[in-house]
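Each structure below appears as structure tokens.
Presented sequentially are two complexes of chain A, the first with chain B as partner and the second with chain C.
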Partner chain A sequence: MTPLVQLGRPDRTPKTMVTLTIDGQAVTVPEGTTIINACESLGITVPTLCYLETLRPVNVCRLCVVEVEGARVLAPACSRAVEPGMQVQTQSARVKHSRKLVLELLASSVDLSTTPGMSDLLEEYDCSPERYGPPEPPHAPGTRDAHIPGHHQPPNVAYAARVAQPTKVDNDLYIRDYGKCVLCYKCVEACGPDHQNTFAIAVAGRGFDARISTELAVPLPQSACVYCGNCIAVCPTGALMAKDEYDMRAAGTWHEEAQQVTDTICPYCGVGCTLTLHVQDDIIVKSTSPLENSITLGNLCIKGRFGWRFVQGPNPVASTGVSGRG
Partner chain B sequence: MFGAGGGTNSYEEVEDADVVFLWGSNAREAHPIWFHHLLKGIRHNDTRLYVMDPRRTSSAKWADVWLGLRVGSDIALANAIAHEIIAAGLTHPGFIANATEGFDAYKAAVQAYSPEAVEETTGIPADVIREAAHAFATAKRAMICWTLGITEHHNAVDNVLSLINLCLLTGQVGRWGAGCNPLRGQNNVQGGGDMGAIPNKLPGFQDIEQDPEARERIGKLWGVEIQPTYGKNLTQMLHAMEHGDMKGLFVIGENPVQSDADGNRVERILNGLEHLVVQEIFLTKTAQLADVVFPAAATWCEGDGTVTNSERRVQRVRKARSAPEGARDELWIISELARRLGHDWTTPTAEEVWNEFRVAAPAFAGGMSYARLEELGGIQWPCPDESHPGTPFLHERLWQQPRVGRAAPFSIAQNEAPSERRDATYPYLLTTGRRLESYNTGVQTSGYRSPLHWGESLDISPEDARALQIVDGDIVRISSRRGTVLAPAFIDKALREKLLFMTLHFPDEVSTNVLTTDVFDPKSGTSEFKACAVRVDRATAAELAERAELVERGALQHAEHQ
Partner chain C sequence: MDIKLLDATPTAVERAAVDAVLGAPTNAWDGGARGSARDAHTAPGGKSVRDRRHELIPALHALQGRVGWISEGGLGYVCERLGVPPADAWGVATFYALFATTPRPQRVLHVCDDVGCRNRGTREIEHALESACGRSVREAPAGSQVVLDERDGAWMHSPCLGLCDAAPAALLTIAGETPVERLLGHVTPQQAVGLVTGSDSAPADSHVPELPQHGDPSLVLLKRCGVVDPTSLEAYRTAGGFTALAKARAMGAEAVIAEVSAAKLVGRGGAAFPTGRKWEAVRTQAASPHYLVCNADESEPGTFKDRVLLTQDPFALVESLMIASFATGASRAFVYIRAEYPLAADRMANAIQQTRDAGLFAAGFDIEIRRGAGAYICGEETALFESIEGKRGEPRSKPPFPVEVGLFGKPTVVNNVETLLNVLPIVLEGGARYASTGSGNSTGTRLFCLSGAVARPGVYEVPMGTNLRDLLAMAGTDSVSAILLGGAAGTFLRADEIDLPLTLEASRAANTTLGSGVVMVFADHADLRDVVLRIAGFFRDESCGQCVPCRVGTVRQEEALHRIVKGATLGGTGRELALLEEVGVAMRDASICGLGQTAYSAVESAIKRLRLFEVVS
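Our next item is the complex of A and B:
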């Protein structure tokens, strides 16, 4: 039996293999592999904030830098492709120094208290963010949003500059705590070209004034936001958080260690998105989807992310319940 | 299609398609995560998107070309595309000869549908039709995806067949990235069909009348004699109940009083039954009419089982929380009911039921054990044995020479306008659909709050609003031959003149389906939700006062946003 044409999936597996050395170990990977993925195949962990396998690398956090022999500057492992014969150092003194600086500058200016793994990293890289001075008091609501690109604010040298400002709570579904934002761009990419293509948010401002913003800094309900929460799903610091979780954390009732997670399928349309339900005391407190799921790549729509509440009564702690079976 | 009741391709394949016809579907809102795959094609792989929809929807905004056809002129458009493909010599003669039958008759039938001849019927300029035809036929990979804009018509099956014809004509099927795909509207509408919960099929789409071997084999498995006659579809059941031929009804997880067309009639019919049993997670409007209500667990998170999605992927649902007190597992309810009717089915687990299904439909699901579903993250049917990886796209056989299995038939479909026409009394055409944040009759989506929950509105074109002298938020009365509702107007530039849009998401506030017609497709039983003639008038002072009173009492939750 001969088929008339080529029928199957186009074969896109790279045919050329590349051999390089990472921390003295030789490794052979397909052409086009990034250094960070080559490291992974050797079991070498490279720290990063802005990299995620489902998003295109934007090279902004500079935490994943590695030293490539013969290169003038450090290379971001998340986007730099491997080359034959490359000699990579992931733990050289220069690399460690650079990461320490990045971590200290972030920790001195951003609230990293809900960034998973951050306290370990600060310790590992021997960081002392406090040496930049006492933390600047929080900015008044809206003041950072009003900063105009090019109009530099005179720094107050008595303090370590901070991005702290009150949390934005302007809808029932999720909050934005930009005092915790490290400007990793993940939310902008997920909302924009990489997944959702809604473009409700972008980076506004320049330099230290740069911040994630809706158009003209309007509240979310007046923006293009469709509440898919795909920004929350990729946020590495908890700056974006479902309002349920935010309320429960505020009330001291958010106990991640006591939560069971179960994968099931969304009860709405026929796409069949996997929902990972996070359940605490028999109450659903959060819905996510696995990054590696071939249907969702970790994304959901408003119904999958937030529309499960009907099966249960209002969350006794979170304030966003409407109705349910109780 | 061609005997396999499911879409032909995987979601991932749409990313590799060069041309996609999205026909009668606002997937951006109704199937958002599928639309992500399409967007990946559009943004990263130069996929060209053609959207066929009377409304310039949020999906149409992503299209290279929006073909804003008139409601119910789909067959005219499809046939004209075929006409042009044939006239321009862009068919795939090798595929037609190898894989299909009935081409000559089809060719003769579409002769009358030149692009110029259908301009008036469809509202689409002939040049646009020609360009779409050429794009589809010459694409390396092209796909047609549709939803209820195709199937909620009185000639639903003909609509679908007219689209399948285009794939057969050009060999755009049976290959990676080429095929025809209905996007399913509910998380297990595909699975219900798979399992045989349709009136003419046994498990695995084995035909009740035409497959005596399957009837015999499954009858033995179940210990019953299976009657060699089709059952009734929903519309036929309503008809039978209306005429006293059916006296009892068992409804599981459906709210027909609010979801079916001509809601007043459905309510009257259900009220006339001798006995109505409703198994539900809420006391819906339908459950309120029941003699007996079985409070059920919400199986998707309070029980175990499987569902099948629009790419034929069978996936597991799992228990994540306990059902509320008094609500029972659905399998327990059914088994107990059987026991009281004198049949001891024990109380099987979901896995045991599934395994029986695998025995009943071995060619379809024999290889899908729970362990493999777990391991592979779901499997796309057919999957006949435990070494089979599942099937990403169907009908590869049509390309084998000599062809394997029976030929795929061209079907002749003639255009027929919607059953209700606009006239002097009812000068507008109402079409219905979904919005992003809500779902069907709102039983589930009324459970959460969001800034997108605006409540129901009558969406109307700026031209019509001007003619009626109404502005956003004005309360209007919408009347059809069957009923009347009040709703606030919302001026929507996505609509053409004389075309209105509503949803059924807030039926307790605006019962849209008292307007819709229950004229249905005899082949599928689906009502023509997409087209009914209505009139629009400003609400009277008395109506406004009555509505104000409802708002006052809090009966219109969403009125504050209006």
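Our next item is the complex of A and C:
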């Protein structure tokens, strides 16, 4: 699979072909292809978390690591370019060990309950996150935002440290549940130079205290956020979620399997973004845009993302039955 | 860039401090006064403003130095001046340990509690400070704003300050019109209390380091230290300075690199990469300009050799930088000096200034100093680039390597201070002659930082291949229980393992590393488990936090060690050791950079060589 979108100008320079071996199978791909794309062409899947076709690879989660013969350490398949004669193992014992540990380290410190596909992965890699100790109780609101970089807090031997903290609900459109954040940097990229160019959020702090933050950790309404929701669209864990979905999940009325998904064109402006409406019981409960759409790359503006309530009349949230739906 | 700025306004003092480094604003769009008719019609800026991003950290230093912390108004003004989004600047300010983003007193004493100091006087200092001045800043309740009376002083803990030869060490910072920064050794408890309360004025920084081999005629790298006045170009010239530069220019760039290659010089910063190969790779790059970066971040616990060179022989580094730039076609050199080395930065600035004024720089060439802000990770070469570029010190993924895509995306040579100083003897006497010292592929002399339980701590220069036992004898040891070789990223050795020739080959064969030249000695009565816990804590604190294996792995490693030491294991010590091994292997295999890749190294050696955590059956 080639990337869905080419960021920047299309690359029309002629490419030399490169032959390498992956899990014993030879494959020939254009130079500059990433290992993960070479794997796809052989039908080999590599698990990823911080990788997305529409964003520049940050290669930070290390879930996609593979073994390259002769290399001292494992390589991130999502961003490492192929080289002639490369011998790649995607299922060696070393690879499996690191993937398992990455999954366990995440699962023991982050709430992955709304990360799609995660329970299967944890099972596939035989993970037992409990073995790092009982989960630490949630941090009080704001405390993780105030850690002093580099200054030591001795560990509490009774618990395995976690990033758990109360959900930040500071506006009507979307919530930030950083207890579920794996720090994949996707939202920062989407809000910043890769898509939105608003730069409302960044990574602050360092080490285990690193977190996604607005300036001075101010609530979103005081930040530069324009509520395009493009960060929500790329978040792989559900840490960022539209408020409606969050409320419906809390009320137990969110039924993804019962939702109809329909593509249409956004009615607001002449750009004409493709909208995917997620409809549950004849009510629009979510609006997204397809990642592979060459105009939007999955992005929308505040109107397309959140401005469809008029369809359902004056008080749609009440009528979606956040409280009353059975 | 159209960015939303902060609402808070800077004070006049903050504005002046920032303007002093950035220059006065030129129009209403970059923080100047409103009113000019032109400003209402055109918005100058764009790329020319964005290109100033690399001035972000110097500007934050200006606020920190002037006010003692970075306020919302101050941060906002810097953002306005440089066109940096406030969230982005916040991410940078909260990355570095020496930047405070909540109010902090102007006077702060940073007390080293790292492995070299904690049993050599730090505890007494801590006790005295706790009873006289209250708890350290970091021990204030988690997350609470530490609001203290501005007139009072405060104290904090610090990782290794690079002054282990004069343990216990502390760094004093006093914000003000002329910010004071002093790196102090042999600090007594009473002195510490006086420095925090302000009753003791900061002693002048004229520190002459321990130079145990002072006057020894066999010295090559250290021969001028403590002998030639480090503040005078004339003195350096009289001592033969700048003859290597003249010779190099006469030889030509390719010949210089050939000599460096023939000398088999390898990097002294820890990774031992062949310098000649690095230089040649940059020299032949088509992209321009080329940059040279001198890595003077020296934050590996137990390392202090570069501090001695920077403070005692700065002109030699300037000359080396000029030769290296000439050989690699670099039009600009940067020296990245850790913030904890104020005297080193002053001495280097002075040496650069005098050399520039004497007209010795080639046309268009210059050397610039950049200061770190408290982050070990910025010693990693690509994190260092990010830091110079005004960003968080997050290492980049390699490839591409710096020789192709380095600082500002250009071909870049990065070398350690000591590596560069070796270029002078190589140019003067030729690579072959240089390579005749040492053994095998480990050529030349090397600096070792001896500290801990030794009679004469300090920097020692010995030929490569010298036996560790002889080196220890030079420094004088009595009862040795263990040695930390290579720093926190290195390994422990048992007392019966000291019969080790100090070469790359022999250390590799013995499954250890010379690293940055750390030889820290622990006496018989030393609490080695406490030392291991401190190292584990160091990696947890200094991880940049980018990648999962290191960000969470260093936390799990520290937790497991604490559980063992406190007798609170999950299912017994054997299970904990197995868990440590599993986490350690994943950190080594899957982390992005050398920090995560070596975070288990010393711990592993403490488990397997020292058997500190033996399972009791």
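What we mean here is this: the second predicted complex is superposed on the first by the 299 of 326 C-alpha atoms of A that agree within 3 Å, B and C clash if a C-alpha of one lies under 4 Å from a C-alpha of the other, contacts with A are read in each partner's own complex, and residues count from 1 in each chain.
Quick note on the criterion: a contact is a pair of C-beta atoms (placed from the backbone, for glycine too) under 8 Å apart; a residue touches a chain by one contact, two chains touch by 3 or more.
Because the structure is predicted, anything quoted here is derived from the model rather than measured.
In the superposition on chain A, A:Gly142 contacts chain C only, with no contact to chain B. By the touch criterion defined above, A:Ile283 reaches chain B but does not reach chain C. When the two structures are aligned on the shared chain, A:Gly270 is found in touch with chain B, with no touch to chain C.
When the two structures are aligned on the shared chain, A:Tyr132 is found in touch with chain C, with no touch to chain B.
Of the two partner chains placed around the shared chain by superposition, neither chain B nor chain C is touched by A:Glu69.
In the superposition on chain A, A:Gly150 makes contact with chain C only, while chain B stays out of contact range. Taken together, the two structures place residues 197 of chain A in contact with chain B in one case and with chain C in the other.
Looking at the complex, you find that chain A touches chain C at residues 58-63, 65, 73-74, 76, 79-81, 94, 97-98, 101-102, 105-106, 108-109, 131-133, 139-140, 142-155, 157-158, 160-161, 182-183, 192, 197, 199-210, 213-216, 223-224.
Residues 11-12, 16, 30-34, 36, 39, 43, 62, 94-95, 98, 171, 174-176, 183-190, 281-282, 298, 300-302, 307-311, 313, 315-322, 324, 327, 377-378, 392, 396, 399-402, 404, 436-437, 439, 443-452 of chain B are the ones that touch chain A when the two sit in their complex.
Against chain B, in their complex, chain A makes its touches with residues 1-10, 171-173, 193, 195-197, 220-221, 225-228, 260, 262-274, 277, 279, 282-284, 293-297, 299-304, 306-312, 320, 322-326.
Considering their complex, residues 1, 3-4, 6, 72, 75, 85-91, 94-97, 99-102, 137-138, 142-145, 156-157, 159, 374-375, 377, 392, 397, 399, 537, 540-549, 551-556, 558-559, 562-563, 566, 568, 570, 579, 582-583, 585-586, 588-592, 597 of chain C touch chain A.
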